[in-house]
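What follows are several structures.
Presented sequentially are two complexes of chain A, the first with chain B as partner and the second with chain C.
Showing the complex of A and B:
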């Protein structure tokens, strides 16, 4: 091949390499950027007076006098709304039946929409569910709910051969000529006075318990659960994995059985995680009863099984990468085999082993399938350490799935879901960063 | 020597924590099962734990079938189910030394839901059956637009699926085109995002979708109570044996009979039993 052609080919390869990497970075940005932006919305947002009331009443946080003063101001601004509604309702009750029928349903829907936006009326019996006890705590959600107060969805089905067309009908049109006609523009103009929006930083999202199945509060039970499960998995997987790796590299004879064993371990690494999950349920819970029901213990053991092959393979590779001369030198100085492993080979292999462990940690933290049947629940308290032996816990990965699919009010609590995603992704990123830093440090020390 | 004494101390610590953990079991209630009952169970748990901070109630929503299995394996204290236990399950439980005791918590109507843009407002039971067996495959046959019907069903582990099979399908086989999803919430979201879809969910999951009238009757608390809505059913909690009075388990299972419990059932969108 001519020199010129070779050069061109070379450049073409370098160029496509750069392209590939650029595409990857772009994909990563497209993937991560919205995740971070929307996830940050769980912590940084414009909170209303309702948010501050929740903080005060449920967590005893904030300046009581200030919040109560705000609450009074908000109530004063809301007062005309409730007054007009009550007056209209009274006049309806005293009026004729036809008018009552005409306004019955629209009024009922309107009251519901206002309740969702501003919370229960002052004279209303305190509702049971916390989601009904407060108005909108976030200004962005309040805007959505305001639109639902001002407009109602109306579907035009006049042409049955085609799908209906959505029309937003102003509710005000339903009440023309009634005393509450002016209520709508009042609500629209004075919403900020009724809810008093303010920039809010809610760091405690990470450390607060959840209230009313994630409608309010934070994600502490999930965060703690993920932590327990991950650490628990490593407690089982690391010692076993290390011992297995040392045995396989230093002690096991190199015969057909050992090779078969290695193949088995590699295969185990490729087994889908849901299979581990079902195995964990069938074996740990239903057969050997490590706990009566789902528990962090059973979940950790299942996760440990799942990451064990990774730990073994990483440790094996790392140990194999230690130059044979290290071991030979140690043995020639009279060290026993175990002594050589402990004082020469393991320290030299440590960076590789640690990388394997930290990557496994990230995987254990993020996996959902192994813990569905063995450890994870939708709702539960944060556990004390000793409770992990017998009790199940919410965990980030599972609860993200739960909030995204099963939860009855998915759209109301998207921010919680995104917040959980952000925390989980950050957790895994931090773990991976820690692996890189740790590895670099140890490698530097080894060279010195 | 030092290592051995350390190990001894460690062992002692482990036995102690295990002892504490076992002692703490009376104040732990594990609830597993139906995704339909989920909102009620979660709200009950939250309310009860608020009143009794020492009790930890965990709630999983894995489907009625899994709830029953879990109870049979003694892996949960309360199995929430949106259908009654089958004879086969009761038998399996008895063989395993578990005595399932039934408690009706609330009533529910199976709402048949479509996308809000769908002009169809009413279907008869026979029509719904024909849709799900595949006999009717296009909305135009039902007076709607010319669009192939996307059929969404719950998975076979679901109590909602079993109820639908019994109350609507008369155990007829679903068409192979049906799409199975894992929870009420997922059915709702699938229907919400698919204009030609039809699905069925519990009463508490109809926000943002259009619930059809069945045989001309709308699913409301009144029609469900009066049984005029044709696909109504009970929601259950099952325990192993009758819970002892005064225990948290007893309180939890019977919470639906208290005024607070009834209010929660209504506020989550279900119907208080008579």
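Showing the complex of A and C:
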């Protein structure tokens, strides 16, 4: 090969490596950007008067007089809509059967769409479900619902070889020549007067209970559940991991038993997370009955087992990184081995051990598969501390899955899903950044 | 007596405190032995948990094989666990797990190894300090967040603009690769020619090969562009996401392997006139090959054992794609089946439907044990070789 070609190849080689790293960074950005941007939308959004009513009626937040005044203003703006509808219904009731049949279904659909947008009509009986008791609380959702008031979906099956094509047809065309012909343009023009959108910061998203399977309210039960599970896991994993690390670094003779223990640890690190879940079910719940069925306790134990190898390895590494002179100095002063470990080695290794613990914490908080069968439920109240021994809890990781796949109205509560993802990811990121900072400080101290 | 005890105590490594009575020293020694025993007991207990896992998963898996035998589980693709005559053919799940893992490895290994090479041999230290946290964060993001991204962001994107995205990706990879291949091929073809003819022959070869490559590329990109992906939740989606998830493992383990190859090998190669690329490809990579193999195995483990992403975004269709490599079709994996079916099987603990999931878990467990053991063995052997 010519020298020039070799040079080109050399450059391309380095370039491909840099491209790979750039792609990795890009993947991280693409991954995190939607989570942060749309996740923030759970807290910072344009709320309508309905949101403020919910806050007042369910959480007793906000100025009662002001909200009630707003509500009155909104009702006044909505009045023509209901008046037109009532007039049209009256004329239908008096008219002939053919007309009634012609307008029956379109009118029913229209009223349903308006109900979804604005909430129940003034003369309506209070519905059962909370999502039917209020109109759209978020302005972005209200825009979507407005489109559903103005247009109806129509499927075009004229070409039998292809799947039906969705077309949007204006509902106004269905009602030409009726009293509600003007209703559509009125709603379109005056939606802001009917819903009174305003910039809202709903930071209580983090600390509010959820209502009506996450249609309203916040994610406190999930947050608390994740906290319990994580702390519980560490309560089990840290003492055991620390003791194991001390034994393996300071006491263990180099024999077959020690090697077996080491193999066990690395095997444990490689067990798929879902298998931990099954084991937790088969052992903690079905065999030794730590609780009747799923509970935070059983979930914590399962998670503890999962993060145990991480804790052991980090602690071992940290203890090994303590210079031998420290220990020798302690021993030469007459300290026993255990005394040396306790008073010299552990304090010196503490930052490293903490790093490992913080990373394990992030892992325990984010893991889903081990808690599916051992601790997680989809809907639940926040637990008191003593209830964690016997009861299952919602948790961020599980509920992200649950709301994104199994919820009855996945599209309606995207903001809650994104909000949960944002909270979980930021939690894990903060923990990991803490670990990175800790590690940098250790490195600096070691160099000094 | 006490004096002599004290002097021996000073010389011994684990000396009890000086100047103690005989009895106090004995008490201390007993305490030390007991403490040591306690440490050993706790350590053994926590580490032997893995044996417990094997025992308890196997204990619940065996009833399935006893009831239904081995044959159907491994050879049939018919998965109707809740039918009146239940069928438990898990072959499609095995194939699904294998397919997404293969896809993930195809994404993670080229990217990961070239990133590792770049980190260990090309980039300066300061850049490395910035890239390391990125890798750590990629590894730390919870799998359910990856799954959410795959399901909510990536799947609709693939479904609506899958063709153009694939076409752009293929172009971005294909153009440089084809360009290099053409240059190298033209060089190799004309190497033997006499000096005078060579330059002209080279230009000719470049033109011919270049045109050919262009035509092939354009055709490939065009056919990709017109591709219609019926559903965004498919094996391709999951493969890409799993590949990104496996990247950190592959990068860090193979970087360790590359760093373990000493400077002397590299310098020897440079001294013989090799460029950096030639040194890395012909000298460093072969020397680090076992470590990189271990990295690949660990990446495979990560992809096989992953649950949430595949459960959310693989489509969960219990079928073998036709043809088997068609990654645009939905698949179903072992992990997703365990996670998804346990909810319904839970109430009837003891039925074949419950135990078959443990049989799958046992298969996963054995596979990860095999992978783990072999990667450890490979790393240990490599260390011995480099050390010796």
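We adopt the following convention: the second predicted complex is superposed on the first by the 412 of 448 C-alpha atoms of A that agree within 3 Å, B and C clash if a C-alpha of one lies under 4 Å from a C-alpha of the other, contacts with A are read in each partner's own complex, and residues count from 1 in each chain.
Note that in this section contacts are C-beta pairs under 8 Å (C-beta built on N, C-alpha and C of every residue); 3 or more make two chains touch, one makes a residue touch a chain.
Nothing here was measured: the structure is a model prediction, and the numbers come from that model.
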Contacts of A:212 with chain B and chain C, given as first, second, both or neither: first
Touching partner for A:165 - first (chain B), second (chain C), both, neither: first
Which superposed partner A:65 touches (first chain B, second chain C, both, neither): neither
When both partners are placed on the shared chain, which of chain B and chain C touches more of chain A: C
Touched partner set for A:372, first chain B, second chain C, both or neither: both
First, second, both or neither for A:283, with chain B first and chain C second: second
Partner chain(s) touched by A:23 [first = chain B, second = chain C, both, neither]: second
Which superposed partner A:405 touches (first chain B, second chain C, both, neither): both
Chain B versus chain C as contact partner of A:387, first or second or both or neither: first
Chain B versus chain C as contact partner of A:414, first or second or both or neither: second
Chain C-contacting residues of chain A that also contact chain B: 286, 372-373, 405
Contacting residues of chain A [partner chain B, same complex]: 127-130, 132, 153, 155, 157, 160-166, 211-213, 285-286, 292-294, 372-373, 376-381, 383, 385-387, 389-393, 402, 405-411
Residue numbers on chain C that touch chain A, as the complex places them: 9-10, 13-18, 28, 32, 35-36, 39-40, 42-53, 56-57, 59-60, 110-112, 114-115, 117-119, 122-123, 131, 133-138, 140-149, 151-153, 176, 180, 183-184, 187-188, 191, 244, 247, 251, 275-278, 280-281, 301, 304-308, 311-312, 335, 338-339, 342, 346, 349, 357-358, 361, 364-365, 368-369, 371-373, 376
Complex interface listing, chain B residues touching chain A: 17-18, 20-22, 24-25, 28, 30, 32, 35, 38-39, 42-43, 45-47, 49, 56-62, 70, 73-77, 115-119, 121, 140, 143-147, 182-186, 189, 195, 204-205, 207-208, 260, 263-264, 267-269
Residues of chain A that touch chain C when the two form their complex: 1-2, 5-10, 12-14, 16-21, 23-25, 27-28, 31-32, 34-35, 240-241, 243-244, 246-248, 251-252, 261, 263-279, 281-283, 286-287, 305, 308, 312, 331, 334-338, 359, 362-363, 365-369, 372-373, 397-398, 400-401, 404-405, 414, 417, 421, 424-425, 428-429, 431-433, 436
